[in-house]
Amino acid sequence: MANSESVDPNGHRLFLTPRRFEYTRKFEQPDELPLSNWIVVRIDGRGFSKFTKRYHFEKPNDRRAIDLMNSAAMETVRGLVDIVVAYGQSDEYSFVFHEDTTLFERRAHKLVTTVVSTFSVQYAMQWPTFFPDQPLTEPFPTFDGRPVLYPKLKILRDYLSWRQADCHINNLYNTTFWAMVQQGGQSPTEAELELKGTLSADKNEILFSRFGINYNKEPQVFKKGTVIYRDLSTTASTLEDARSELEKPTSKTQAEKERKRKQKATLVAEHVDIIKAA
Amino acid sequence: MANSESVDPNGHRLFLTPRRFEYTRKFEQPDELPLSNWIVVRIDGRGFSKFTKRYHFEKPNDRRAIDLMNSAAMETVRGLVDIVVAYGQSDEYSFVFHEDTTLFERRAHKLVTTVVSTFSVQYAMQWPTFFPDQPLTEPFPTFDGRPVLYPKLKILRDYLSWRQADCHINNLYNTTFWAMVQQGGQSPTEAELELKGTLSADKNEILFSRFGINYNKEPQVFKKGTVIYRDLSTTASTLEDARSELEKPTSKTQAEKERKRKQKATLVAEHVDIIKAA
Amino acid sequence: MANSESVDPNGHRLFLTPRRFEYTRKFEQPDELPLSNWIVVRIDGRGFSKFTKRYHFEKPNDRRAIDLMNSAAMETVRGLVDIVVAYGQSDEYSFVFHEDTTLFERRAHKLVTTVVSTFSVQYAMQWPTFFPDQPLTEPFPTFDGRPVLYPKLKILRDYLSWRQADCHINNLYNTTFWAMVQQGGQSPTEAELELKGTLSADKNEILFSRFGINYNKEPQVFKKGTVIYRDLSTTASTLEDARSELEKPTSKTQAEKERKRKQKATLVAEHVDIIKAA
Amino acid sequence: MANSESVDPNGHRLFLTPRRFEYTRKFEQPDELPLSNWIVVRIDGRGFSKFTKRYHFEKPNDRRAIDLMNSAAMETVRGLVDIVVAYGQSDEYSFVFHEDTTLFERRAHKLVTTVVSTFSVQYAMQWPTFFPDQPLTEPFPTFDGRPVLYPKLKILRDYLSWRQADCHINNLYNTTFWAMVQQGGQSPTEAELELKGTLSADKNEILFSRFGINYNKEPQVFKKGTVIYRDLSTTASTLEDARSELEKPTSKTQAEKERKRKQKATLVAEHVDIIKAA
């Protein structure tokens, strides 16, 4: 792309001389992320409370919407083999790059925008599969993202646990709230007011005594969110792989072999406790 | 989204306590871009030389592909009124936010990922309009992006001039190269070898004497790329608006009025000299 | 300093092999400050309210202490010719590097620590000249510092005006407060209480009516602080030089000539309005 | 220091209104260093090869100069209790802050400039003790500094090992070089040429066969540099304390108690292997 020139053999001063302007390239700042840190790229739906209303998402959870998020995330993980694990819930997803990744020389914007662009396009392109009756119209759904660095594996696990705990808290609240509104006939304001200050046990009690709902029997995908990782052995059916993956040092000699193995590996999506695992 | 709790009224220690993990949020680093700097978000197609081959883009320029880039950029500018001007050529686009923008508190990743996500989804969703005969298949096209700061208006103009000069240089080269190959029957290697070290005048001469092509009469969109800006007055038909836009201080009192005016304004795409204008 | 080796010719594995550890160098992060920005290095005395008590500084202003600050700043400016102007008051000093400086490749920590180290040592070494009766004892006075970038000359001027306005406001307050305490016999608490919420005019009135002090006739150095710049023409006696200095583009061809001229130039310290000048 | 005002009760527009300029404060960028990282502040003498010639430092090592470096470092460690260990050799010193330090909210410039200012002033003030016959004259010695972050204890140890290996390599080279020049009567150029490409064993051989010097019997302080740490138990006489110090989590409840204990602790300077210890 760089066939630069600045002289005109006929003696005319060339008006378009890239060299004269090329100094502007020096204003780009380096953004390599520090070494030996786990890189989490977390994406969030932009303006999704409005978006979910426009498409009449079911409350408290719309299974089609969650499946779409997970499917878009699967393709994102498939395309970027340096992602070792991903966790999603609601309209957010966290993609974890290995602490030793050298993808894009660890440049922050390259990493984040590649994840965001891939996920966004997947979400839009897969929409018809999950919402066949509602074509996507403008304004289209979009996602923002940012990187967060975790210098220790333990802290990375605590981060993932934090997101999963957030999932649990919100889902218990939302499940109770919408039961009160949809089945109990309360107004949203009444329900909100009654729930203010309640603890988990209170909400479990409301669900069970008033609506016969045993929260523990709600679908795992709603309560736990979704963990995606590569199933590197055909027999593996647990989280063990993702876990050992997290700890494995990537020696350069095996790098290419590993890459191929990862590209072939089937992806697994599970709805299990990160916290217990950690 | 923050209905946190950590006590279990029955005396059981709650396993899921977000507070215990919430400290991980403190690992997020601030990324507000410095004040009084023009913010350019530049996006580039990822792996587009492979992508253009897969979809048989015409050489040296595929008008459908350029129109799609411009249409996706138009929608991106429409959705983000703080963008004062955008310039695109080939598979890249530069979106310029006003030096005083406060959008997303000037947070770098928010700004960049919002542009990238919006543009990427637009590109994918508008694809069938421009390539009705070739459905988009996996792997889908994606874009990366990064911010660059320009502390002075003059330097911003030089940046845009640099991108436009790059467009000119590449287009003259590509027009000549493909004429030699497609019409002149030379092999790509031969053409490349012959063009090595040639200046603009030489290429113009080859085009004219061998193929009867007057480069000056080639379409402006190929030679100049595309400038997008808001036509804030109904009569305006030149770049003047974009230019005065660039210099105007945004006082906070007019901000909301301005915003509405911008949202209503029609967008203009022109293929004119930034360099002469600067 | 890099005579590295890692093989022992006798076949012994060398214990001390720098190469094995040299990867740790890659953890250094780049810190070049962005181009075309005025670089202010602002230093502040650490724990100076305690320090001034220990050495019985006169209140509201100790002329010896101010002269020492200015003298240390003069030597700092003398040693770093890329500093175009400096402004100081109380225990702080702002050193302004030209927006186009390439000193230390604009590396933030190099620039800041060089200023801080030079100023700190000058302060300590010159102490006996200004406080001949009080030898400096542990803990010695120290200074911290930080860089601030100003993308436009106008904003840099506003920054300097801000520091000078701060000088005025504090000096008027302190002059009034200490007159009330030292001459008026009020307790510090009483004086503080009475001054709470008063405006400039009130303080001027207290000074004049109670103590016969016309604030306008107080020494300029107390009211305005100190501006240091190079007197590049022998005839110049105003701030003009510093001003034109601020605007002058430094072309690389003249760089070395300029450097020598600056090293020879006499330094001027004035106590004048930056604000009026701006 | 903030007695701001902007109205003149007599109706005059005040010229000095800090509020008008206070916006310039917003140009300061946050510089908090990321959590859970060891912070190394490394300082280096500025222009010390010239400085050591001016004061006729003995070659290859000037014991007075090394003792002065160590003494200045001791006082720096004493004054900043969050420093857990320091390592120095030649004209450089590395000060290590605990990975959980909250000193100055981990602000990079505060940490670095405080270390640099303290060390620089100590060096200048203690100079007469170590060089009683040579008063310090202008230009005074100064130091620059920068922060480096290490996310794991192991990497921090490798960093320190790197600096110590560097000490060994340089000292062996310098010892041999100066023996050849001072005792062997070779010219510096001859000695340099002969040493080019030699390995450790070669230099040991030259030292022993030509000058009867057994390098292993050279002073430890020259071969190993200096490690400084707090002797937190009165009986401790090894590096154990520094090591356990490195691993100890600092719970907030004990923080103040710890601080006092550290301030009382005697400082130890040793010349031992970091590498073996690691």
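First chain written, first letter: the chains are A, B, C and D, and each begins at residue 1.
Criterion: a residue touches a chain if its C-beta (ideal position, glycine included) is under 8 Å from a C-beta of that chain, and two chains touch if they have at least 3 such contacts.
Predicted, not measured: the structure shown is a model, and the values here were computed from it.
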item	value
Chain whose mean Cα position lies farthest from chain C	A
Pair sharing more residue contacts (C-beta pairs) when C-D is set against B-C	C-D
Euclidean distance of C-alpha centroids - chain B vs chain D, Å	48
Computed distance of Cα centres, chain C from chain B, in Å	43
Cα-centroid distance, chain C relative to chain D, in whole angstrom	25
Of all residues in chain B, the ones touching two or more other chains	27, 29, 34-36, 149, 155
Contact footprint of chain C on chain D as seen in their complex	1, 3-5, 7-10, 14-18, 20-25, 27-29, 31, 43, 46, 75, 79, 90, 107-110, 112-114, 116-118, 120-125, 136, 138-150, 155, 158-159, 161-162, 164-166, 168-170, 173, 199-202, 275-276
Complex interface listing, chain A residues touching chain D	34-37, 149, 151-152, 155
Touching residues on chain C, where the partner in the complex is chain A	26-27, 29-30, 34-36
